[in-house]
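Next up: some structures, all given as structure tokens.
Both complexes below contain chain A, partnered by chain B and then by chain C.
Coming up: the complex of A and B.
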């Protein structure tokens, strides 16, 4: 082994590295906790944890520079350190079994968190009583949907992610007979009818950019991005549709408009809407009943429950389920939780989570608990033996 | 002889504790103790009036005694007597100084309420008291005022509070917070006054009897009026006025005093007196429970003890037919309130701490053993207290911040007792004394915001996770704190005294190491269990919520201590420094994260607590710095090699 390789090995198997990495993790987590007041929980996850480096702009510029190792960096090195140290010092002994089990569990936990950060998809399903839903909506990601509704039997949908709109320029899609030019785009904006004052007081300075649909009557006021957990950003964009023969008009799109806007072109009927990204499922949920119990004489919520009918397209499952606090429905790799409700207790909002790694924390929890119990149990036993031996000595 | 002294101490202290269990005695002829045991439904829980009286006084003025520094005797003998006056004789209760307004909280609020320096200044007659007041041993200014003193400016208070309320609670200025708080207090007081009668009624019993007599005529008048026929206008107006009054009582009444009728299947369908009176319009007969309370009021005002006691007895007998078990709970809760096990334990912990401290200097065997016994006794008392709370609530021990303070103290003291039993060097007793006392003090301050036996919000309404995640994580907090305090003992004894010999130092190091191991186990398992709960109830295992982050920081810190020790990166003193820093991390995770005001676990901003936390962190940093002093400067290690 060359000295360089040995140095390398010694670095990765050292306990000093472990301690340093753990200390850096504490700093990172503390910093992220403080930053949450400003950035919100999603912003913090992206900036501090689901990243290799924490980036900060050089003051006064928009140039980001890494200032601190991020979650992936520290987590990755911790796994390397753990695996290397255990391979290097591995001995099959009962005395070590506890420690090894604990660390194996820890590796699993870190991997689980990595899988979650990469794979987890969260969305909401808003169900009015009696209503049936076949899809859920993201609450952070939007998409531009262009529907060909000519055929009454089915709709042909082209969905364009919001990020593409943010890039600007123009979009050409093989299924669309027109080009879409992005005239402007706001990541968060409020809408108001033109004859009313805009929220926030200031009226949009320019005249309407839109020429078709509801757009000409609507004023758009750009807003700061919000990071609050209970608020959504509502983007807005002006899109000009251009055919070979020239412009068809400019439409305003925003999830706040609610209804899609219709127009006819090339002998077909089209609908456009900027809406929350939808996830379609091969089953339907119907809300039979939503209940909201309170403690007697107070407004303190006691329980929320949704009685749901679940029916799969292949008709293999056709049953009633009750989703309530701390009791979700797990179906088809998805988990449906009672998340919220709307005023009047007639609309239930379920949170839908797809997380392929959800079972890993359960396994790792058991492994770590067992491991630590074995390890500290051995310590304690040794200590008690030593004490009683000492006691015998002193008395004898 | 030396063997007997600790036992005598134990017996005396146990006797003192046991004496607190005897039933409350009445100071006058009125059976206020029985009155205090009557249950009412408030905030979703059936509780005795005694609890209502105590928590209301704490919320209004931060203490249960109703008194003024210049008046020798308290205005009322017990909180229940105060409540009886509020409910039945509000004109008298309005003169009691039960609203706390202090210039140290907000001087502008005093100005707003028209309270001048002349009102706050206290003139003592005796020169001794005047001197004591200068030194702040007795209050130098008056901080509690009566409803009558506030009344002229209530409209202004209302206006200011309405201006302040739309502002995010965290962004409110000190004045705005004080205004909102005072208005909440005034509202609570007003709602209490509307609970069993209209406060302005000259005689509520005769008022409702008149109402019942006039009811048939009134209803005839209403019907005739609806048909446009001639009617008795006076009877109509009387009915209308009554309806308005009882509607006000229903809207403002704080206590649900009227139990559900026998025909009502839901046992929690209690209602306000106002609501029951409004029902009279349909049933045409007065609810007997409303009459019972009204008659109670009339007897109270007329000082007719025999009548008062008889009505309480009959009312209770009637309730017992359906609510027997609840009455038994109410009785136990009242007894628990007057026994004050946590307050008594606080005193025991303080004495145990002093004895244990002295044992390091003199008579180690006698004082050490006495301290151990007292700690044990205090531990038994807190255990009983926590168990009673669990039984009353039907919940695991930790359900809110208040109970977490109780439980952190309980867990730490439990570990200390084990350490003391093993090592017998009074270190466990000193640590137990400090931690037990301080956690109970923290709990006392947290109890000022109201009833500590709260109903659990929907997502927390799960005994499984409260019993596993919350309990285990709280024991993790307790153990991490204990390791930190043991390290503090090491540093202070080593630096400031000559009493830390080699053997004691090694023993302390072993204790700290063992406790850190235990803390790692509990905090790790507790945190992961929390993640699993989160996965079960809101869909993600880990959300980087501040409270979760705080918990994982404790796990990581304990892991650092263990790895640093295993890797030989730190020796004894380094270990102590790391363990003390654990105090900072734990206090941050326990209270600091609540001060951020974000996340699912937040309990709201606690201004005063923020400064205490900052001060605590500073002292810990100072202790760590102290631990880093060269050994030659440690009094225990001078002239020795360590």
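Coming up: the complex of A and C.
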């Protein structure tokens, strides 16, 4: 083994590294907890944990520099450290079985968290009583949906993530007979009809950029990004559609418009909408009944429950389920939780979570508990044997 | 055993998730049962069935909100000097520690919209806290003292019972004001609260609409 490799090995298997990483993690979590006041929970997760480095802008500029290791960096090194130390010191011994099982559980827990943070998708399903839904909507991610609605049976959808709009420039897609030029984009903006006062009393400074759809009648006021947990950013963009024979017009899009806008081009009917990202499923949920109980004499909720009819497209499942607090529906790798409701108790809102790693924390906790039981059991047995041996000696 | 496959797998996982947020997807979807905006017309008005522009789609309570609504800040008061103000917390409008004889009583001020179930229900709730049986509606008048403080109508009750086996007393006042109900409650050891009763009544006389 060359000295360099040995140095690397000694670094990754050392207990000092573990201690330093744990200490840095404590600082990171403390800092992130304080920062949650300004950034909110989503912002903190992005800035501190789902990143290799915590970035801060150099004061007075917009140049980000890494100032502290982030969650992926510390978590990744912790896994490497744990795995490396294990491989290096591993000896197949019955006496160590408990410790090894416990550490294996810990490695699985860290891996599970990594998979969750990378792969988990959360969305909402809003169900009015009697209504049927085949999709759920993200509550943070937006998409520009361009629908070809010519076929009476279904829509052909091209879904463009908001991040692509934020990049600016133009978009060309093989399914679209036109090019989309992004004239401007605001990550958060308020809309008001031009014949009404703008929100906050200020009038939009510029004239309408839009030439088609509802846009010419709407004033756009850019707002600061919000990080509050109960507020959403509502982006807005002006998009010019250009075909081979020239511009088709400029449309304003925003989730605040509330409805898609329609136009005809190349013998087909199109709809455009900037909307919360949709996730379609091969099954349908129908809300049969929503119940909301309160504690007597107060408005404090006691229980919400949604009676749901689940029907899959392949007709394999066709059943009723009751979803209430702590009793979600698990189906097709998704979990549906009772999350909220709207005034009047006629609309139920389910939280839909897809987390391929959801079972890993359970397995790892069982492994760690078993490992500790085995470890303490071995010690206990040894202790009991010693005592009984001592008792035999003293009596003999 | 080499760790290289593991490292490669992790790198792939990271890369796959990194690209995901810029990927344009296409799919076939069933029709929505909602209408769409027609093209521009000259009137500058929205079509009759259009939702208002500028408010989020999906109704008012799109996010979970199970916070308990509390009342406004429409009353003011002046506490006796020997009561120590405490942080009010999310539910309370005011909070004081009343100390004496090495013991401490708690004065809480809360307000909620509406009549919160009525005077009898609230007074019986207080009685339940100190292990007293509930009053019937016709017994209520015998147990309350009515005060008129300025324009405010105040119902004062004084109950002695037990909590966790120790003698405990509640001095309470219920004040309906501006569509809300305000509660002033002094809860603590029997002897201490009984001795503080004059101060409590004097305190109630300082309550004023803002």
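Just so we're on the same page, the second predicted complex is superposed on the first by the 367 of 396 C-alpha atoms of A that agree within 3 Å, B and C clash if a C-alpha of one lies under 4 Å from a C-alpha of the other, contacts with A are read in each partner's own complex, and residues count from 1 in each chain.
The rule we apply is simple: contacts are C-beta pairs under 8 Å (C-beta built on N, C-alpha and C of every residue); 3 or more make two chains touch, one makes a residue touch a chain.
Remember, predicted model here, so these are calculated numbers, not experimental data.
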item	value
Clash or fit (per the criteria above) of chain B with chain C on chain A	clash
Touching partner for A:181 - first (chain B), second (chain C), both, neither	neither
First (chain B), second (chain C), both or neither touched by A:155	second
Chain B versus chain C as contact partner of A:297, first or second or both or neither	both
Which of chain B and chain C A:16 touches, first, second, both or neither	first
Which of chain B and chain C A:339 touches, first, second, both or neither	both
Which superposed partner A:119 touches (first chain B, second chain C, both, neither)	second
First (chain B), second (chain C), both or neither touched by A:37	first
Partner chain in contact with A:373 - chain B first, chain C second, else both or neither	first
Chain C versus chain B, contacts on chain A by residue	C
Which superposed partner A:354 touches (first chain B, second chain C, both, neither)	neither
Superposition clash, chain B versus chain C, among 182-190, 308-316 or 524-532	182-190
Chain A residues contacted in one complex by chain B, in the other by chain C	229, 296-298, 300-301, 339
Chain B residues within the chain A interface of the complex	41-45, 256, 268-271, 422, 455, 457-459, 461-462, 465, 510, 514, 517-518, 520-521, 524-525, 528-529, 531-533, 535-546, 549-550, 552-553, 556-557, 559-560, 563-564, 566-567, 569, 585, 588, 593, 596-599
Touching residues on chain C, where the partner in the complex is chain A	1, 3, 6, 10, 13-14, 16-17, 21-32, 34-40, 44, 46, 50-66, 68-69, 112-113, 116-118, 121
Interfacial residue positions of chain A with respect to chain C in the complex	72, 76, 80, 83-84, 87, 114-115, 118-119, 124, 126, 134-135, 137, 139, 141, 147, 149, 152-161, 163-164, 167, 171, 173, 175, 190-195, 199, 212-214, 216-218, 229-230, 232, 234, 255-263, 271, 275-276, 278, 280, 296-301, 339-343, 347, 349
Residues on chain A engaged by chain B in the complex (per definition of touch)	14-16, 18-19, 22-23, 25-26, 29-30, 32-34, 36-37, 41, 44-45, 49, 109, 112-113, 116, 120, 122, 229, 294-298, 300-304, 325-328, 335, 337, 339, 351, 353, 355, 358, 361-362, 364-365, 368-369, 372-373, 376, 379-380, 383, 387
